[in-house]
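To start, the structure under review is shown below, and the notes come after it.
Chain naming follows the written order as A, B, C and D, and within any one chain the residues start at number 1.
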Amino acid sequence: MQRAFVEEGQAMEVPAARDVAPRIQELLAIFREKHLPVVFTEFTYSPTAPLLVGDLHPEHRPAAPGAATGFGRPSSSCLEGEENTRVIPELAPRATELVVRKHYYDGFHGTVLDGALRARGVSTLVITGTMTDICVLATVIGGFNREYRMAVVEDGVATLWPEIQRATLDIIRRAYARVLSAKELADELARW
Amino acid sequence: MQRAFVEEGQAMEVPAARDVAPRIQELLAIFREKHLPVVFTEFTYSPTAPLLVGDLHPEHRPAAPGAATGFGRPSSSCLEGEENTRVIPELAPRATELVVRKHYYDGFHGTVLDGALRARGVSTLVITGTMTDICVLATVIGGFNREYRMAVVEDGVATLWPEIQRATLDIIRRAYARVLSAKELADELARW
Amino acid sequence: MQRAFVEEGQAMEVPAARDVAPRIQELLAIFREKHLPVVFTEFTYSPTAPLLVGDLHPEHRPAAPGAATGFGRPSSSCLEGEENTRVIPELAPRATELVVRKHYYDGFHGTVLDGALRARGVSTLVITGTMTDICVLATVIGGFNREYRMAVVEDGVATLWPEIQRATLDIIRRAYARVLSAKELADELARW
Amino acid sequence: MQRAFVEEGQAMEVPAARDVAPRIQELLAIFREKHLPVVFTEFTYSPTAPLLVGDLHPEHRPAAPGAATGFGRPSSSCLEGEENTRVIPELAPRATELVVRKHYYDGFHGTVLDGALRARGVSTLVITGTMTDICVLATVIGGFNREYRMAVVEDGVATLWPEIQRATLDIIRRAYARVLSAKELADELARW
């Protein structure tokens, strides 16, 4: 999870992301202990690649000097070069772990993610992060398009509205992936 | 929309799809009258390409001779070579219109759709069909990944549950595309 | 290999393709005997998807009734629905073997090929066919982009000019894949 | 063109690349004067994404401290974070110009390149760089897969062997793109 979505006062703040961060931290510790590969994604917008997303979501465009920022306004959110694009310190990537700079919500589209996973022989993924209905859902669909077996951690993903969280997990469960709790996943991993 | 999702008694029947078919028919007539390109997609499963979707959704696998079929059972739904893979007669493609055989929910993934649209210089899409939360949503994300400007017709898409219909259109509206009624779209097209 | 490239008198005939067909037949027999998956590709052009390739290579466009056909002229070569799009009878696919309809030279682009291989856990490919410098080379690059380990059979691929055959195999050997003879490959497979 | 391929003494040095750099510089000046978009690609290898290319080309892997480097040996060539990954100073990108970090020879695969071009409405490309038979050829095929009209500058691309240069341009001319000289292209651009 990136600072732009987790920290208080950010234009695209998702308060519930702070609640799920400890669950992700626990799973991260298990993965590292078991030497399972961990990958981070950072959504990044750059004016040198003026994608549609910058029209639909002005928050990603550079904040004008002195102008008010916030939801619906140019706020340099996830802007290339800004500190807010980084993964939050509690989940900080290690030097040997892959950080994928992505330009779309789908972490597979236009990135090295699929190649890097294949190169390691990975065919099963555990997915956490924010927002459930945007980046998580799009990445799950991207993974399904590439034949990955996936599990989404229901208390390791967050969005702004409870009914959208429920509906998105329902869609994922019916069509794309397993949905289970961090505890259930930890128990499964303990039996490996 | 394919017969496998629209016709009564099909294993994957979506009753509401029959309600939206007239709206799609009206838009189809407008597009044809204005010589705007029309594309159809047919989701197709084949045992020669044993994709994950056949594990997650057994309905697509070949029905066993004599065995009961229906939701949750092998039912030859959207199976290559079956009549139920075809577009419903009310919306029948013309010989000059592209029919895309797709293997994933996302009509862009692993198909000629994007190339065919580019070859015609198309950059804006109107999307209708079923199911809203599966094939429509995945295709909208696929189109967003390829920089298409899109409009989804809210009374031209259907799924099984009203709350999932609402949530999906909400996700699409916030992140990916315009959402408007067939009437609103027809009015816009009349002004072209 | 498709009839459009192998048979005498076809607009896009590659005479050397007839010489390599027996090598491909031998390897096909070995693969089938060992129950290794076999995939065929059929390059197909359709006026409903008016891709750039139809501008660059008019042979693929529909022959006009009564008009002369041949290299440089609309000749219905690899045209959707024509018999010449089919694999030559000596290499005829079995009903359980995947036949990929492709729209680009690269057999991976816009097709289900990658998904079908992943679904079977395939990570190593043996590649044969024609033309060496067009469809074979583009497909090798497509496979490299998807992390496949590949071997190209030097006497199982054909093109029109010996110096282009040599140069293409040199490029492949340096950058993408192993290049070996059908005999060398058969010997390796015998030791599996 | 990146320093890893152009500078004397680099493990993957292509001496002819220094000869074509002035032609690229001239075209770059014309593009900038006419406010046509310019995009640079930087092939980058990272041990956090241990792709097949690192097995096939050990030069990209990190040089061991104190060990000899050079062709066929781990040499930190195009290694993430190294200065040699950068575009040569004569062609230095401006802050507003897109620099695409690519992980495959094909500049379109796993990058934002296609999206960035679409977002600007670009459908025609001029291609220069090195090596003609590897990154240039793979990128031309990637562009063809995405329906771009392309021109390759014959005295703006370089490789190690004259016969491979000739064969590659012959393949490109027959199947994918126009091939013309920097002078011919400059004359065409002057008439725009």
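The rule we apply is simple: a contact is a pair of C-beta atoms (placed from the backbone, for glycine too) under 8 Å apart; a residue touches a chain by one contact, two chains touch by 3 or more.
On a predicted model such as this, the values are computed, not experimentally measured, just so you know.
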**OP:** Could you let me know which interface, C-D or A-C, is made of more C-beta pairs in contact?
**Re:** C-D
**OP:** Average the CA atoms of each chain to get its centre, and name the chain whose centre is farthest from that of chain B.
**Re:** D
Subject >> Intercentroid distance (Cα basis), chain C paired with chain B, Å >> reply: 31
Original post:
In angstrom, rounded to a whole number, how far apart do the mean CA points of chain A and chain C lie?
Top reply: 39
Subject >> Chain centre separation in whole Å, for chain D relative to chain C (CA means) >> reply: 28
**OP:** Going through chain A residue by residue, note those that touch at least 2 other chains and give them in order.
**Re:** 51-52, 104, 110, 114-115, 119, 145, 147
Original post:
In the complex of these two chains, what residues of chain C are touching chain B?
Top reply: 46-52, 96-99, 101, 103-104, 110-112, 114-116, 119-120
**OP:** Can you check the complex and tell me which residues of chain C touch chain D?
**Re:** 51-53, 56-57, 104-106, 109-110, 133-134, 137-138, 141, 144-145, 147, 149, 163-164, 167-168, 170-171, 174-176
Original post:
In their complex, what parts of chain A are in touch with chain C?
Top reply: 114-115, 118-119, 121, 123, 145-147
